[in-house]
């Protein structure tokens, strides 16, 4: 009997102790994690979110930036919706972070998640990638305008992408089309099961063009390749193997599209914890290990702190919903 | 009314299922952008195919089903009710459902060991020591490989590790 | 002999002591991962990316490739012994492997699986070496229309897989397709048959269905038949040795399935699972004793095992020569290569011949390792069948549960597993074959997607399927293979009548 109640006491005392630590830390205006941080990739191993989560965890550990471990956890399902639903229940938990990118805005807009970005705490934007338009090397189209002129004449011309209609690749090309003076829904967008799948079909001549992530396409461009890039969605030209690719703006279309990646936390995360993570990620971006990893993955740093990131997300939501409503895909 | 044979019973059940499926297929919303084949065509074809097949099944002469006669009739007549063959299946199914719900609160090691030891004893294995050791050993080995070596997160539950 | 020089160069790399160690570590870890439930090659490889990060790219890929084909090699073990496939590519192996184990021939089944895997693996490496650059053209020639035709061809196997009642086989297949289209429709983003549950948005995982319908249903069935303590444990593992006539019997299936599996693997999106099913059903159709398939025919173990290992090697063709991943597993490999600073693609053979030829050479070595590693292990692993029946049954249950939970971390999936277990039991009691359901589940979704994609490209013109030569010929073969078994049956009936 005594041992049982002792055990009970211990169970009660543990969270109490944790609470006191948090309280004292908060008083000192400096919060530090008291246990390992759960860093959720809302997808299966191997994808973009997973790579971000694992790379960030590894760099932080390697460089000894945090006292506590970052534990990578995969919660796949529903394009992120399963993980979001779980994290939304964990309100106020300062030890729970997750990787995020445009689907955080797009999936809720398509009506496939009860939670949207306003339900979570923005922590920091980390980096970004851009969209790129590819055609076969021997294609008659020399620039983006050629492609859109042809699209105007023949609306059946097929443009492949790596995700479902209404998600990232489709929004990117539809937004570009309306900036170029076409109807957003005029693009015959063919969804494939991934950017690689779409590019294979382009090489085989089954479709006319492909819209995909610039990072994903790097290996397909350059000397002797079967594909050619018509334009990239960044505001300025990218470096490395993509230095030759003109931006849309250079070609007279005022349009840019970011495939940003960032970190968000559980709802109502304490301010002190947010401040701690902001600083941690800013510091991480300065390390050599991060530099090396992100060069190899073709990532471009695009840090924003919590407040800027939050405002940026609101902006993105506005931009995406206008494209979606042009397409007639916005769910009320 | 003539008595229905096995295939006829099955056919009626399948036809009902097909009808419900078809009703749901008609609820699949139309995509706002024009598609040559929309999301609803395949489900409709599948539902119709199942309906047609269940009609064929209705008129098929039921053949002997291998294995159906092998049900342990000895135990169902003599043993206690909770050890009859069907009781074994039902108890196992309930145990699996309970396991699913208790996995996260109890933790992987505890829930899995409990399920394994419990079912083994229920199926009639009497050497409880061997049972406990083997179950715990296998579960722990799997748990440690997954969490320590492969870095896969499994719920810890009430145990500290 | 350009290829020979290149291969010698590759062996120069693969035979470096460190790389030999990596091949060994890779195939060993792969075998274990394949045997364990819940750890598919995809997650295993994703978890290895941080380890390979700092490695020389050729060593890193040698290690990861070893894990990949090692897992397919090892996956057959649980299919054969427990009827619980640990890896999707080995589901077809359980059709005849498990009946063999029940007949006390577990040792032989495992040995056949090991030999066939070895031959499949080695034959396909030879193909990879000789024709990889050429085959990249074949891989891209398959567009949506061609995939649709290929899936139709695959589905015709339903006829030969449904043994007693064709109607019941077809019903199982229709239900299989129904299961495969649950979730978000990739072509429109529309939810279908999800009952507003977020757990069903991504559809139902293939392994949940396979483990439920095979392993769990088998446990239920054994319980019904009196799986209590009184039944003596099955002690016979049997000899591992193959007689000369048995070697003769499987030689044909193994070589045919190796080639078929390799070409299936080359096609992006097809891979080991489809390869093994195609190999199995092809052999069942052309074998004289086709009706003993599913009852412990050694050819039914040999064909899918040769095919899935060959397909695994084949899937390196689009990865290494085009730089596009053909499957989830190769997508992870592609990511790992990028992290190591190598961009696979058309230029890789010229820029990084060390990676390409090093890996090819390492695959020869890895396959030999797998064979010598696995054969002595067989009697040890098969000892699991010596466990008292009650203990074995509950361990199979645990095995399935970890398999499902470790894959999706979802309690909902555990309940689905239970549901499919009960469905599987019902199907068995009422004489519905399980194989057509599984086959339709794999092919159904890809068939629908590629059909709609093709029509979206052609602007709704159905002639696209017959206008393209590859698609047309595949559809014709499908028609032919539907006609053939019917003819065979008629001839048999005629013979009986005489």
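Order of writing sets the labels: A, B and C. Residues in every chain begin at 1.
The definition used in the following text is that a contact is a pair of C-beta atoms (placed from the backbone, for glycine too) under 8 Å apart; a residue touches a chain by one contact, two chains touch by 3 or more.
Everything numeric here is computed off the predicted structure, so don't read it as measured data.
Simply put, of A-C and A-B, more C-beta pairs touch at A-C.
Distance between Cα centroids is largest for the pairing of subunit B with A. Mean C-alpha positions place subunit B and subunit C at a centre distance of 23 Å.
The distance from the centre of subunit A to the centre of subunit C, each centre being the mean of the chain's C-alpha atoms, comes to 33 Å.
With centres taken as mean Cα positions, subunit B sits 37 Å from subunit A.
Of all residues in subunit C, those touching 2 or more other chains are 43, 47, 185, 187-189, 409, 456, 459, listed in ascending order. Residue positions of subunit B touching 2 or more other chains, listed in rising order: 31, 33, 151, 153. Counting partner chains per residue, subunit A has residues 165, 329 touching two or more of them. Within the complex formed with subunit A, the residues of subunit B that make contact are 31-33, 151, 153. Partner subunit B is touched in their complex by these residues of subunit A: 71-73, 165, 185, 327-329.
For subunit C in complex with subunit B, the residues that touch the partner chain are 32-33, 36, 38-39, 43-44, 47, 164-165, 167-168, 170-171, 174-175, 177-178, 181, 185, 187-190, 192-193, 219-221, 223-230, 387-391, 393-395, 397-398, 401-402, 405-406, 409, 411, 414-415, 417-418, 421-422, 425, 428-431, 448, 451-452, 455-456, 458-460.
The part of subunit B that touches subunit C in the complex is made up of residues 6, 10, 14, 21, 24, 28-29, 31, 33, 35-39, 42-43, 46, 49-50, 53-54, 56-57, 60, 63, 65-68, 70-72, 74-75, 83, 85-86, 88-89, 92-93, 96-97, 99-101, 103-104, 112, 115-117, 119-121, 123-126, 130-131, 134-135, 138-139, 142, 145-146, 150-154. Subunit C meets subunit A in the complex at residues 42-43, 45-47, 49-50, 53, 139-145, 184-189, 191, 198-199, 201-202, 268-269, 318, 322-325, 328, 331-332, 334-335, 338-341, 343-347, 408-410, 449, 453, 456-457, 459.
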